[in-house]
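Chain nomenclature is as follows: A, B, C and D, assigned in order of appearance, with residue numbering initiated at 1 for each chain independently.
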């Protein structure tokens, strides 16, 4: 875990309202596994007061995060320029536990959920695997980094309006993939509704599934107790340090059939 | 009085920590006399909440203001760029009442007090006069727009550290100027201490003096009652609508000798 | 503006829910040359007292994080000049006038109310009870339910004008104060007034304001105002006019959904004197997209 | 850090005036790998209760203008685990430990205090009295001087630890509460705790937080905290630890000049977990430029 005062070294705009910010890491790198995240804040004065959580898209000598502008914090970040100051705190949390027993990796991304999964796909490629990557969005403008994914994975895109790829939800190609009989493992990240659906499909095929959750965060490291999510036994898990990546059963419960 | 949603059309940096912002006025111009001011705010979200007062350096089809970065509001303005949105409300207040009885105009500026006085000097030049312009600052970096002044006025500079012009305070050349016998009128703008000293020197030479004051403002148009300054009879004047330009006696009292 | 925006506060009906808050819009007339003040839901004029008041020693305003302090000291022209000069102008302009008024004794409140009661062109009377009661040790009327009820009842007895009482967030139990003024005959409640704060100038090592303390307003206090409106809505049945930090449509919606039937906009007027009309237009669009009226929104966040 | 920064709060002396505020720095141990926690003036640990508590239903935090709300619900590990596992680590690290503690009855407060009294390595006990008193109709201990004095006196009777009582800004009269806890034997006062606010999610038309309301903290509340410290300083003679919105040296100076002998930093830790040490270094430089000590600053804005 590091607390870095750093600067933006590169900004690109992989899709409308999205920016990919790259920043200098410390002399030593930020070590991270896919699914781990950083808390980021610019030099913003008094508002907003809290840093914002972003999954690492890559780690090492440079860190990179994908930012989608949806509110005040992400708008400020999305409009930042090379050389602007950035405070980066991380890497935090528990990432994907990469299977090494030979299961076929199926990565399922929705929206900015693509960020940790591109990192994971590259990690798998480095290990000689070519994962299946299912990428869903509302429309063609909401598919940042699709080209980068295609370099390291077999990519299937769905859009709700059919503007690119298959029309419909990402669960359709997921059903097909898990039906084809190969022993698979699902890694997913995206909006809550999608995660639950993906976990459900995986469970119905007895396929292990790891979900990366989001929750509003203040500290990012387990001390504020802000990022609670209720789990089936009535207790809470904390996204920032129990997760953000969880086995799907922990969050949604075991199959009841 | 106009309330304009406008854009910055030009930014120059006439001295360290100073920016000269030019903005598009409405289809009709902002009419203004020197000493009148505008309230300005950028698209800043919730902080700071109030607009900031700036003397017009010029009016007409374009308005221009000189901003010195000293706090949060002026720092935001100083860092603005061409095409940024600006909300401009004005022109407000009562400016200098330009003498037309033939008195020799002596303009005395301290720091950003130069802004309305450059406007005034140009106005006088347009009327065929070449005023005496006394310009004081701490050091050579704090003399924005000196070149522009030299085009329309006889310029004498003083700096406290002697880095440019005479070493010392602006009251020294003012004493000399008022001693030389010509019937003069003094127009001044600058820090409070300087204004009081300039008014004192003027009064001791029986020279009329108009001072432009500053006060923290919220509304800029006489409704909030925020910008009160106490006057000798125990009552208050309001800088934004009784001023900002006052006859010196109104603020400091008549000569008591 | 359409019927959708019309909002009814007991004896007072407003064409839209946006009223400009007392102290932040002068007497309204100053804005008439560039804002269509008759189209505003209403204007609550600068607080009026029996005698004119010059106000406090400066500085009187300073900024805080996402807010400001003021210690204006209720500077105003007094009731005589207001009735003789200002009210006729407001009538002429067609402004929906809410007369904000304050005093430091019950007798003075009563005298003020009785005089306003005789005038035409006043849509409602708003009592600012956040002033020290000089006859009761300086504790302000707004901090206890009993004191607030006493002044409300006394004023109620002398006026038929729609009566609005403005609550202070400094009450230990704002619900108790709200119940007190309701039971004493208030027709509606406006809330919140400012909460006292201080900024210290660390260079001079003295408070920034001449009066040391000032009332805090602006976006910083919005969560406080919304919370209190939400609480008071559950405890009274008279309508509430919510305020504190409103600077956007979203802010106004928060107050309506918490339980306010109308809102007041204060500090935001300084950066945009026409903001209330802009927000009224935005609310109109927001409501018609969803086929809702303002009335549908009032208190809709109360359910669980 | 030099002698200049040393600050004395009755029975408690701190090497510098910067303490991290309860609930915003966990138990302190979590930061030890990258912040020199022993160099902090102190750490006020997350509020500890007799039994562990899981906390409230989420969402538990949201942002406001220049501030945030939290409705954590005092989630904590409970006194048993704290004493068995956490306190030994804190002793090992050399942290100046302020134990923040809370309960909903006087008996539970007394039991907690008695147990902490037997432990070594606790520099002071901080009573969070902003909790509803379950035996007195749910009104919280912090809103009245009498209730606050009662719990302070009961705790005082069972502990010799330096005793700090943390005041709530929701008291109708915070001076009265301060005088109450002083007379009941508190050694010092810390203030202010959060003030309840609400944010409404206008899309869902429901309060943003699972608990609807949450405590507001951050820069937005700083003027409130500074004003209250300034007021309380005039009414008690025990030292005050000021907090609420401190995020810069200037903010800390405001509190010291208003009358605080030390300060706590809360919300700002989230964006910079080492901020207190940075501010201590900045204060050291500021003081030595002017040849002042922290003690010279305390209350220096109170003059005339």
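Here, contacts are C-beta pairs under 8 Å (C-beta built on N, C-alpha and C of every residue); 3 or more make two chains touch, one makes a residue touch a chain.
Molecules present, by chain and UniProt name: A, B = Dihydroorotate dehydrogenase electron transfer subunit; C, D = Dihydroorotate dehydrogenase.
Note that the structure is predicted; figures quoted are calculated from it, not measured.
**Student:** So which chains are sitting against chain B and chain C (Dihydroorotate dehydrogenase) at once?
**Tutor:** A, D
**Student:** Tell me, please, which chain's centre (mean of its C-alpha atoms) is farthest from the centre of chain B?
**Tutor:** The chain farthest from chain B, judged by C-alpha centres, is A.
**Student:** What whole-number Å value describes the gap between the mean CA coordinates of chain C (Dihydroorotate dehydrogenase) and chain D (Dihydroorotate dehydrogenase)?
**Tutor:** Averaging C-alpha atoms per chain gives centres 34 Å apart.
**Student:** At what distance in angstrom does the C-alpha mean of chain B lie from that of chain A?
**Tutor:** 55
**Student:** Between chain A and chain C (Dihydroorotate dehydrogenase), what's the gap in Å when you average each chain's C-alpha atoms?
**Tutor:** Whole-Å distance between the two chain centres: 47.
**Student:** By the touch rule stated above, which residues of chain A touch at least two different other chains?
**Tutor:** Residues 46-47, 72.
**Student:** Out of chain D (Dihydroorotate dehydrogenase), which residues touch more than one other chain, so two or more?
**Tutor:** Within chain D (Dihydroorotate dehydrogenase), the residues that touch at least two other chains are 65-67, 218-220.
**Student:** Examine which chains touch each other and state the graph shape they make (line, ring, star, complete, other).
**Tutor:** Topology of touching chains reads as complete, every chain touching all others.
**Student:** Note which residues of chain A are touching chain B in the complex, please.
**Tutor:** Within the complex, chain A contacts chain B at residues 45-47, 72.
**Student:** Under the stated contact criterion, what part of chain D (Dihydroorotate dehydrogenase) meets chain C (Dihydroorotate dehydrogenase) in this complex?
**Tutor:** Per the stated touch rule, the residues are 64-67, 69, 143-144, 170-173, 195-200, 202, 205-207, 212-213, 216, 218-224, 226-227, 230, 245, 250, 253-254, 257-258, 300-301, 303.
**Student:** What residues of chain D (Dihydroorotate dehydrogenase) sit close enough to touch chain A in their complex?
**Tutor:** The contact residues of chain D (Dihydroorotate dehydrogenase) facing chain A are 23-27, 30-31, 33-34, 46, 54-55, 57-63, 65-68, 70, 72, 75, 218-220, 247, 267-274.
**Student:** Tell me, which parts of chain A touch chain D (Dihydroorotate dehydrogenase) in their complex?
**Tutor:** 1-3, 39, 41, 46-51, 72-73, 87, 89, 215-230, 235-236
**Student:** Which of the residues in chain C (Dihydroorotate dehydrogenase) come into contact with chain A in the complex?
**Tutor:** 65-66
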